[in-house]
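Below is one structure, written out as structure tokens; comments come after it.
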Amino acid sequence: MTEIWRMIGQRLLLGMLTLFIISVVIFGATELLPGDLARELLGQSATEETLAALREQLGLNDPAPVRYWNWLTGVLQGDFGVSMATQKPISELVGTRLGNTLFLALYAAALSVPLSLLLGVLAALWRNSVFDRASNALALTAISFPEFFVAYILILWLAQTGLFPSMVRITGATTTGDLLYSAFLPALTLTLVVTAHMMRMTRAAIINLLASPYIEMARLKGMSPMRVVLHHAVPNALAPIINVVALNLAYLITGVVVVEVVFVYPGLGQLMIDAVTNRDIPVVQAIALIFASAYVLLNLLADVLSTVTNPRLMHRT
Amino acid sequence: MTNLTFPRGMTRRGLLKGGVALTAAGLILPAHMALAQTEPKKGGVFRVGIGHGSSTDGYDPGLWDQLFVQTFAAARHNYLIEIAADGNLVPEIAESWDSADGATWVFRIRQGVSFHSGKALTPEDVVASLNHHRGEASTSAVKPYFDPVTDIRVDGQNVVVTLNAPNADFPYLMSDYHLPVMPGTDGKIDPTSTDGCGGYVVESYEPGVQATLNRNPNYWKPDRAHFDQIVLLTILDPAARLNALMTSEVDTIDQVDPASISLLESRGVAKILSISGNAHYCFPMDARAAPFTDNNVRMALKYAFDRQELVDKILAGHGSVANDNPIGPANRYFFAGMEAKAYDPDKAKFHLKEAGMDKLEVTLSAANAAFSGAVDAAVLMSEKAAAAGITITVDRVPDDGYWDNVWMKKPFCASYWGGRPVEDQMFTTAYQSGASWNESFWSNEAFDKLLVAARSELDDAKRREMYQEMQRLVSFEGATIIPMYNNYVMALANTVATPEKVSNNWNLDGFRCVERWWFA
Amino acid sequence: MAVLVSLIVGLGLFFIIGFAARAGLRAAAPARHRPMFRDMPLTASFGLAVILVYVVVAILAPVIAPFGEGEVLGDQYLPWAAPHYLGTDKLGRDMLTRLIFGARNTVGIAFATTALAFVAGSVLGIWAALAGGWLDQGLSRLVDALMAIPALIFSLLLLTIFGTSVLTLILVIAAVDATRVYRLARSVAQGIVVMDYIEAARLRGEGNWHLIRREILPNAMAPLVAEFGLRFCFVFLSISALSFLGLGIKPPTADWGSMVRENATLITFGDITPLLPAGAIALLTVAVNFVVDWQLQRASGLKE
Amino acid sequence: MGRDILLSIRGLRIDGRSGDAWHPIVKGVDLTLHRGEVLGLIGESGAGKSTLGLAAMGFARDGCRISGGTINFDGIDLCTAPEAIRRGLRGKRIAYVAQSAAASFNPAHRLIDQYCEAPVVHGVMPREKAEGDAVDLYRRMRLPNPEDIGFRYPHQVSGGQLQRAMTAMAMACRPDLIIFDEPTTALDVMTQIEVLAAIRDIVRQSGTAAIYITHDLAVVAQMADRIKVLLRGDEVEEADTRSMLAAPRQAYTRSLWAVRSFARPEQPPGRGTPVVSVRNVTAGYGAVDVLKNVSFDIHARRTVAVVGESGSGKSTAARVIAGLLPPRKGQVLMGGKTLPPGFRARSRDELRQCQMIYQMADTALNPKLRLRELIGRPAEMYLGLTGTALEARIRDLLALIELEPDTYIDRLPSELSGGQKQRIGIARALAAEPQLIICDEVTSALDQIVQEDILKLLDRLQGELNLAYMFITHDLATVKSIADEVVVMQQGAVVEHGPKAALFAFPRQDYTRLLLSSVPEMDPDWLNRLLAARGEDA
């Protein structure tokens, strides 16, 4: 177990390094964007005086490294600062959005992970059968349409017929049940988008093992094909499967801007685009860090799970 | 992503006294637009899907810039003066207004109005609200309105504003959406407060997502604000807006995608409200930069494309052909008889030859941030111009940062104007030499002289003549291509009823759909 | 009902094309490769046929397209009738022509992008695996960091900074994709660099470039090619997603990703127009991956 | 034998698919096995012996099919019986012991779980009873800690122990027949003895019939009652063990028997400066010293064999000489000059002087390069040959290793047989025109007849090209054939070093003696005698 803790510690340190690099990259990129927050806020009506007044007010006149340093020291003390545009604490701005994003990600994961694992295992079991080829072709078709296209089609079929709402409204009175119902279409869209990848990888990981001597051994022990796949192949295919699931979960958290826009879902992606458009750099930075942390943590979790499920790593002699 | 819009609407030149009707602005309702005409009924939850709004939207009225915050403001605030659906100024918080010389304006503040918080509205609140936009430190977009203001003071129930020079249009300025009356404390308003004296009280607001407001039970206007509750929703994606309307998630949407209008109508689930006004799309050329310095080049370009095609394809017919004239058919002195410019490659070639060229190559920078369909419009122009030996290279630039990096920076780009009810305002803002928003950098001595003279001319016939001459100058010598006037196109669920006249001064009935409309 | 009919028609077409292509390829292939095609599953021959058609269409676009790429010919949204067999788009351009030119632009751009991403990503990834140590750590941390930034948002930032010419579009998407390729190439190469033949080559005194190019890359091709297939198709989707955010290919250049976006609102009304470019993308994606699957199966030697 | 016939195979034909075509692997073989009898199946790779063994379970690998003949197991026709019936037999009445237990145990499950799987799933006995049985069998298989070893994962158990655990697992349902598929091939000679003894005892005690598949005659001689010889899917001959060993009837069988006969005369002892001197080298990975103060010389035209069990440090010595592992102490001299410790610091000419040939030709040759480049590259790099000169050199080299240049020059390694691949490895080393070639277990992956060819080739080349060989092997038969000097290593140290003849005749160290005695001999009584002798020792 100590090895696991050491690995976790090491990965967390690397994760911190990654986050630092990201914050520099994002800050640098936003600095390079033409225009600044003052211009965006004042828009066309900006005059030199109002611009200068607003810049002074927002602290935009400090040199970039100073602003970065101020931001970084703030973050290290747990203070993400305030949004320049709205002067609200970023934690408040991001808080509910983060919750929404996580909800949608989990919802989609709850639909897609079991589905794709099931399909992947069945496709591996019945490889080269009609089922295998059909599910493969369908999965490929689903990922080869743009996300918004899939979303519109689902709206056409499932929302215009009155089965599900075409957009998500989250108010104080929204219960989890309501939300599960109203967020079904976005979750389904995301499910269609990520299932193919996970399913194909599951299938490939299992089939990859089917040529192993221990699989032949299991068959020679008279085990049924189902038992061979489930009991002998799947436990050994867990590492690649866990990794691909983690990768897709990270995508579900960080990459769903388009789905948010189509279903008017108040998530972090839309907030980040808004912040980029308005050059609200502290908000961009905060969300970039949240996304990156999700990515780093999920990868860490995948590594830990791969280790825990692999006896060769867990039970060293 | 975000369609950036900017404060463009201005005021209608008026008389010195409040309450008197002007010549009615043309409100053109298409024949098929027979909207439900019943007595307003109270009740219902009115949900509006708006194609604007960002999570960075602030509360500060000086920074409001798009339809979501504008409509949200109109729902919770009142202004000194309202522009009625027919274009007339009508009293709101100011019961009446008066000026002896056009330089000192006296606004009589209505009594018995209270804010949502229960605080009674006083003239001091009005002064605080106006002063928020005035002075060195102000970051308000309408700060220039107050540059000529030397003094704002309370005189009993009156607020007296003193200008350094006469301005007969000043009451129009006071109807601007940036200038709601907000509660003041020690002469200052709290710009982050949502407290107002409008028809609805804010229940919740998430910038970039939604605002929910309930009817103000103490609203002083008895015949307004009919809904029990209104919900304003930011729905940026045009298809998502359509879907929301078709699946009855919302009752009204703005900015209907032109391609969908006829399809939506044929479905019968909603009705289209298409309001023509003075809003127009345009392509300014930098008159200081070659080859646009030569009016023959500008004329060649003006003849080199098909205006009707743009109206048909970009606006899906919901608009009308403009003759490079920023003054629209809804204006008083609109020059309807001006020689029209049809698509005429030969004339374009002729003008090119006059300019000493036989072919012309220009780059047109466009983004849909300028107006929806700007890039397509540019492509259509480019296609048609080829026949005249003109190569227009369409440079699609990012929406993001369009107004900072392209507009008034690139020599030939796309732009739009919300239209001004007053000719002087339009010309002064965008066509007078050296005006800060003179996007074409056009400078014409005769035009400038006429503009000043017309402002003080009181004879209506003479004024008409002067304004028409100015329109001719802009159209035939100016540096802005104005191919079309665009309608405001909204879609309404069949249950939504509107008054017979819907304002063409801004979208969504001058932002006041929440106050003026009702469920049939 | 319509879905069912189109499903049946589609399946029928699939079998016909698959069989025909397999027969054709068998006849056309040189004797040495003939057994490969004889053994080919129907999916793969179908995929090859589709890819072949796309390539021909892309190369011959100006010859076979009935009209000019940006030519505005008449009213918008004309119905499907001669001479506009697939109608016209919202500006009155011939849809068929746009689709044909779209093949050339989309496939061309996607190919250039993916090729670039693969050259950069795989060379760096293999190099990192080969060199190990600080170079590996440094590159891998940087790539990790870049991968942790959502691709769409990263592309948006870069495109806003550098503008949206076709070149920057290719470079930006390639840069984002290269990080994914790097990771794959590195992990594949890590399995290869421990092989004896790499040790032998190192002991011989071979330089890094030779090791990457001649010794490792040929052996890493199978997984890289499989990834190439998927990435290649994802480029269309990236372009499409970017045009959703108002960035993408400049007009009047026709590309499927933007065409889907342009006509997207029509889906709301069940209109088939946006389905054409989307279907073109989907068909190619499925076809490419069928072929890739087949090649992978051949490479893995697992037969059943 | 007079007992019941358990398994009867008649005219069995099995096809394998390559690409699109089916080609025969087993071409009409008959086989009869009585209850309690052990049949040895012997042949080179490609003889079809594994395929035949699996067919006895009614099983054909993916890409194979049974195309003719009958397989009758105790009255059940395995060719026509439904899959469910066949599945019911496997693991229950017919069990299988695979070549590599390390690869054939599922790494994800504990040994005991894998043991219990067949009895429980087939409904032979409940889990508790199976566990008790397992401990008993583990004990009888002489596994250490029989109570606990089942609760380990495969990777926690050594190869020899795994092989015994697998045999125990095969016994779990008390099957009527066990197929042993080369169960000791992957093991060291010393480990092999323990496993052989354990397998033989358990089979005899339980009276189970067995088919014992191997390519090692000496091994099969210890295990089988009868021996069947296969060649390319055909039966060559079948006889009971002793008569087969004493009087093989067929020429092919005799050639198999003759493999061990190659022995070259010992070369004269080296004089002058050795090609390579290893001086007091201590080296290792991390904190562990794998080599401890090792010294030896290799002279031109001499073959020095380095022998020892796995883990004795013999390959590490080669890595130190090649520069892959810089030593902690000591140095390596080439032609009297000290070599830089790491290969990166060595000059191109220093690199050229010392070449390596690897055990697994499959991993030592880049599978994507054609022979032209594989062989040509060193010649191009070191000797600067290009164009026609390079082409001529490649052809010379191919001729030198007895491959027809026109046929082979543009082939890929995958288009060669195992022996041919190893020849390419040799040609690649020769292309550099080295003084020393390090041969790391170069013959251990090959069939015995092929081994012999390779050894002969190496011998001829040494004479023609004046080469020095460092020959790393665990196979003492090979040492006997080719070595001039022998270096015996144990746990990183040289325990004995001397001329071959002297060392084999009069081993001075116990360890050397143990090692030498573990080499199986072609005598059915060898194992008995050895065990008896060791039992006395102990």
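Letters A, B, C and D name the chains as they come in the text, with residue numbers starting at 1 for each one.
Methods note: contacts are C-beta pairs under 8 Å (C-beta built on N, C-alpha and C of every residue); 3 or more make two chains touch, one makes a residue touch a chain.
Remember, predicted model here, so these are calculated numbers, not experimental data.
Ranking A-D and A-C by contacting C-beta pairs places A-C first.
Chain centres here are C-alpha means, and the one lying farthest from chain A is D.
Between the Cα centres of chain C and chain D there is a gap of 46 Å. Centres computed as Cα averages put chain B at a distance of 88 Å from chain D. Between the CA-based centres of chain A and chain C the separation comes to 23 Å, rounded to the whole angstrom. Counting partners per residue, chain D has 62 as the residues that reach two or more other chains.
For chain B, residues that reach two or more other chains under the stated contact definition are 1, 239, 243, 246, 400-401. Looking at chain A, residues 33-34, 148, 152, 155, 160, 211, 261, 273, 276 sit in touch with two or more other chains.
Across the interface of their complex, chain D is touched by residues 35-36, 38-39, 195-197, 199-206, 214-215, 218-219, 221, 302-304 of chain C. Those residues of chain A lying in contact with chain B across their complex are 33-35, 39-45, 47, 49-50, 53-54, 57, 83, 85-87, 93, 96-97, 148, 152, 155, 159-160, 162, 165-167, 169, 171-172, 261-264, 266, 270-271, 273-278, 280, 283.
Note for the complex: chain C touches chain A at residues 41, 43, 141-142, 144-153, 156-158, 160-161, 233, 236-237, 240-241, 244-245, 257, 260-261, 264, 267-268, 270, 274, 278, 281-282, 284-286, 289-290, 293, 300-302, 304. If you check the complex, the residues on chain B that touch chain A are 1-2, 4, 6-8, 54-59, 63, 65, 136-144, 192, 204, 206-210, 212, 233-237, 239-240, 243-244, 246-247, 249, 400-401, 403-405, 407, 436-437.
In the complex of the two chains, the chain D residues touching chain C come out as 17, 19-21, 62-63, 322-324, 343, 346, 348, 351, 356, 358, 360, 363-369, 373, 377-378, 381-382, 428, 432.
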